[in-house]
Amino acid sequence: MIIVMKPGASGESISQVTQAIETSGLVVHLSQGKEVTIIGVVGDKTKLDTRSIQLNPSVEKIVPITESYKLSNRKFHPLPSGFPVKNTVIGPGTMTIMAGPCAVETEEQMLSIARAVKKAGATMLRGGAFKPRTSPYSFQGLEEEGLRFLKTASEETGLATICEVTSAHAIELAEHYVDMLQVGARNMQNFELLKEVGKSGLPVLLKRGLSATIEEWLNAAEYIMSEGNEKVALCERGIRTFETATRNTLDLSAICVLKEKTHLPVIVDPSHATGVRHYVEPLAKAAVACGADGLMIEVHNDPAKALSDGPQSLNFPQFESVMSNLSGYITLAGRQLS
Amino acid sequence: MIIVMKPGASGESISQVTQAIETSGLVVHLSQGKEVTIIGVVGDKTKLDTRSIQLNPSVEKIVPITESYKLSNRKFHPLPSGFPVKNTVIGPGTMTIMAGPCAVETEEQMLSIARAVKKAGATMLRGGAFKPRTSPYSFQGLEEEGLRFLKTASEETGLATICEVTSAHAIELAEHYVDMLQVGARNMQNFELLKEVGKSGLPVLLKRGLSATIEEWLNAAEYIMSEGNEKVALCERGIRTFETATRNTLDLSAICVLKEKTHLPVIVDPSHATGVRHYVEPLAKAAVACGADGLMIEVHNDPAKALSDGPQSLNFPQFESVMSNLSGYITLAGRQLS
Amino acid sequence: MIIVMKPGASGESISQVTQAIETSGLVVHLSQGKEVTIIGVVGDKTKLDTRSIQLNPSVEKIVPITESYKLSNRKFHPLPSGFPVKNTVIGPGTMTIMAGPCAVETEEQMLSIARAVKKAGATMLRGGAFKPRTSPYSFQGLEEEGLRFLKTASEETGLATICEVTSAHAIELAEHYVDMLQVGARNMQNFELLKEVGKSGLPVLLKRGLSATIEEWLNAAEYIMSEGNEKVALCERGIRTFETATRNTLDLSAICVLKEKTHLPVIVDPSHATGVRHYVEPLAKAAVACGADGLMIEVHNDPAKALSDGPQSLNFPQFESVMSNLSGYITLAGRQLS
Amino acid sequence: MIIVMKPGASGESISQVTQAIETSGLVVHLSQGKEVTIIGVVGDKTKLDTRSIQLNPSVEKIVPITESYKLSNRKFHPLPSGFPVKNTVIGPGTMTIMAGPCAVETEEQMLSIARAVKKAGATMLRGGAFKPRTSPYSFQGLEEEGLRFLKTASEETGLATICEVTSAHAIELAEHYVDMLQVGARNMQNFELLKEVGKSGLPVLLKRGLSATIEEWLNAAEYIMSEGNEKVALCERGIRTFETATRNTLDLSAICVLKEKTHLPVIVDPSHATGVRHYVEPLAKAAVACGADGLMIEVHNDPAKALSDGPQSLNFPQFESVMSNLSGYITLAGRQLS
């Protein structure tokens, strides 16, 4: 529920309303514009006597929101949002390029990849230290050692870093080493983990679940934001369909829907979506063309020997070429690498 | 199966091979390049004694093709193909824009739409005269009268026209009025209809079935082509998934897969895929960015009163704006309106 | 729209209502029970002035139907329907077993299969003479010759026969040889074909499309029924999902939904749904347990050599065993082989 | 990889093989039958020199297993497995009926439901104390208080209890109160949680993810089992498809596939799968008919007022009626309530 106050409503009348809400056990989310104040109400609205609020002479109108997500809802926060990550920014006007290997393997590897992707124009370094693998017998990541390699590479190149976390313990470790946390597709509805990354205060990239609807995805973002962490970006990485020619089906129309429903930035991961190296460039262009705020692209020094997801990784010259071919599209879309 | 002849193989040795194939009841598809001749074999290859062909001294090699589609297969026809439709061309280097209403309604309507879309840059006029509707009680199209209106609009504006056909009878009628036939999503595996449009000799736009794999789609194209009609273009129009925020999920990664597997041109229909007017522009840009040879866009003089699919139709100023915003992307993609 | 007349409404008042409807260009579907007469209205209801009907003193109430299917709608025809096919019956209280090969191959084969399945308890003989195959280069069926073999087998054993049809021409031929027509999954929304089988007057088995919703399926049935042919049964044969362990996912909950929404009988085809021979028996039992009116099961004299779909066919002893293990379930479900 | 020893292989030769495996850092899973000993090898098989094992004269053969799940694999454990839960048993020959409310609400409620479902024949009591809800603003469960109510109800009626857990903390609490843990659909690939329930040693019910393939599901079970906990049962609860007539599509063919691929027991939850009360009985019958080892059914004292998932819950007389109508099917399937 959103309460729109009349233009020029006094501070006193605003706090009358917010107190009435808080007394009912609900949470107020205040948005004071130059002329109009908007009060978002978060929580179980059945507990609130809306008639008494309606009677307040400074209240313009009460807008019921059928969507259960509120903090991420564009109705309540009409301008697209953004936030800084170390020395870069994710959000409107910029194009974020997160590049790096699926899994962190060695310090040397991370340094060489970080240098190469930075040179080609990437603005963030990605690398997995905790790998949620389908089978318990597959390589599960270097954990803290991997985080350390990420940090070393970041210190040398200045690139901001992002790493997937899979448990409260992983978050605790990651906070000491990286600039942004990622919640993977398989954990999109691991609500305990969402609350934990919410509490961490670090920026979070929330990947879409393999068969999550856009509404479920925004509700998952709401779990993070309702812990007080508004630095959330969404990552489309393909959904599960009947088609087997690509690993997943990249749902670019989701960008259009998201841009309408939420103010949160949207990143697209064409590498995981398709699982095929040479589909990355055309789909990266398409993502930029239809409004993405950034891309996540897998780059590896030696894709043939990658411990994880080799076939979809680009090598250095390939990544350079993709970045160079993307630049016209980024400009056309009115954005720049930040 | 593809038989690659040695460079400089004589006409005589080539016809020895083709005769051996035809004697076995199979069909030969001859492709004579400047230096190399390639012989495609279409039909049940188990009937053929490949060893005797292998022994022919002019045969370089025999390449088995596991894909069951052959005429549409890029392995056999490595360069992208194209074909003229009236005074325009579909294929490499060009960007085809098919615009018009979902259903033909009146002569006046068609004339006004044709003039408007031509002015904005469309290269073809679309309009449905036979509408395959989910319910038998919905408007089913004007049939021959609708075809006549299409023709009138084409004569005045010079635009090539395309219309969906749903039966042998509809094809017979359409041949007198339009320049290209469309097979709709629901009929993608109506094999009798595919054979009939194949026999017609007119160019055919084959829409992807709602849950058709790319391989099934190419096999459907093969039904048309095996009747001797090679003027086939494919149209991605969204697939059926669990997501309900858009009517269908536009599968742009299918363009990447198709460009690899087939030489046929690929058109994208963002209007039907999403069912939402303001998603058309961003997805049209995305389609151009990742390699589409053309777009099919619904335009209506008065979308609010359209007899069919109004909510996804653009009005004239909206279509003009989309075309203008697309032009930079078309240029970047190395194509031009033809 | 359904008009419920008051108990004891005179024939005169009933015909006043039906005339008003027909004058508006709509079709009346009259259902006269012992006490109450119900008038179904089929067609574009916007053309009808319902207020004047409401004012007729013999009209009890007008029930709007949001579902666009009417003749198949259980709201309008509350008792489950059934119909005879040759000397057997499909519908409530009976269990129809359609058994036979995917494709008709030889006369001898059909005779031997017909004898075997009859002995084991089948009540109908199936066999494909027109095969809609994914690739144009696959075996497409014996056509009229195949129909003839079906008829011969029927004459000897007395079994009613069913065969898929794929075109108006196939229907014309089939009418001379078989007792029931089948519309396959790929043609479920081939509306021209639906109208043609509707006109034929023969009983029709309508298979569910690979990704057809239940509502689309019932609307497809409506196409057949609106041509005056009410002898329609529906066949669940698996839907397309992401799961690849079975060929399709058999949707048995669809039976529950159908039993609520429609009066038409429901047949289940576990052979095509799974594509695996030894899944047929457990899923046949499950189908019977949750309310199916019949089963379609593939049986072949020599599955290893079948021209089509061998891996899912049962041989004779396997089919006998399935039938014997099913009998307890059929009895528990309150049905008998007819 | 499975190593089959020759009949009568000595203990010494067996331990030569197991030592070689363990030296390579892999885990041995020994299965000693009366005549034959089978050695399962769990871990990264690339580390193992299989040739030296092959040369051991007591080794009959080495069977590579392409499936990455091993402990749950039926190839390695050919007989169906089962395990006790408090005073009941899940597994072959028995039919487990887990009944109770979606969410635990009050002590009184749990007592009354426990009495009612026990009387009707249920063998276990279910109830959620930790509810993973799509929105952070929905009721999330009573947590420890709810567990206490479950325990009280269990103490009075003797019913074994099961409760979903969503975090390591929830597991720690649950261990003091309930007899079996449940991992919900959304957490099926929350690998950290899987490891934790594995370590707990309590029996685990692993629900299938909304779009999990059967292979991913068995790999998730493997995460639990590789922690040394073999008391795992699987629960089919519907998958996500395009069909919206039911909440999910219950995939009963998965039972057939599971019975072939794994020895673990399979439970079916028709309540969550369909979300519709009156579809529970027919689908419960179908599940029993095709081989399920048990059912999970939602029962509530007052479904209209349930805090969670009311529309799918049965009231007491409805549950009694379902149990009574199921009994013939349970007997036919060769099972009994335990």
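To keep things simple, chains are lettered A, B, C and D as they appear, and every chain counts its residues starting from 1.
By definition in this document, a contact is a pair of C-beta atoms (placed from the backbone, for glycine too) under 8 Å apart; a residue touches a chain by one contact, two chains touch by 3 or more.
Everything numeric in this text was worked out from a predicted model, so none of it was measured.
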Separation of chain D from chain B in steps, with touching chains one step apart: 1
When C-D and B-C are ranked by contacting C-beta pairs, first comes C-D
Any idea how many Å lie between the Cα centroids of chain C and chain D? 37
Using CA atom averages as chain centres, what separation in Å is found between chain B and chain C? 34
Shared-interface residues of chain C (touching two or more other chains) are 211, 240-242, 244
Within the complex, chain A is touched by chain D residues 42-44, 68-70, 132-138, 166-168, 186-187, 189-193, 210-211, 216, 219, 222-223, 226, 240
In the complex, go through chain A and note every residue touching chain C. 211, 240-242, 244
Touching residues on chain A, where the partner in the complex is chain B: 211, 213-215, 239, 241-246, 249-257, 260, 273-274, 276, 278-279, 282-283, 285-291, 328-329, 332
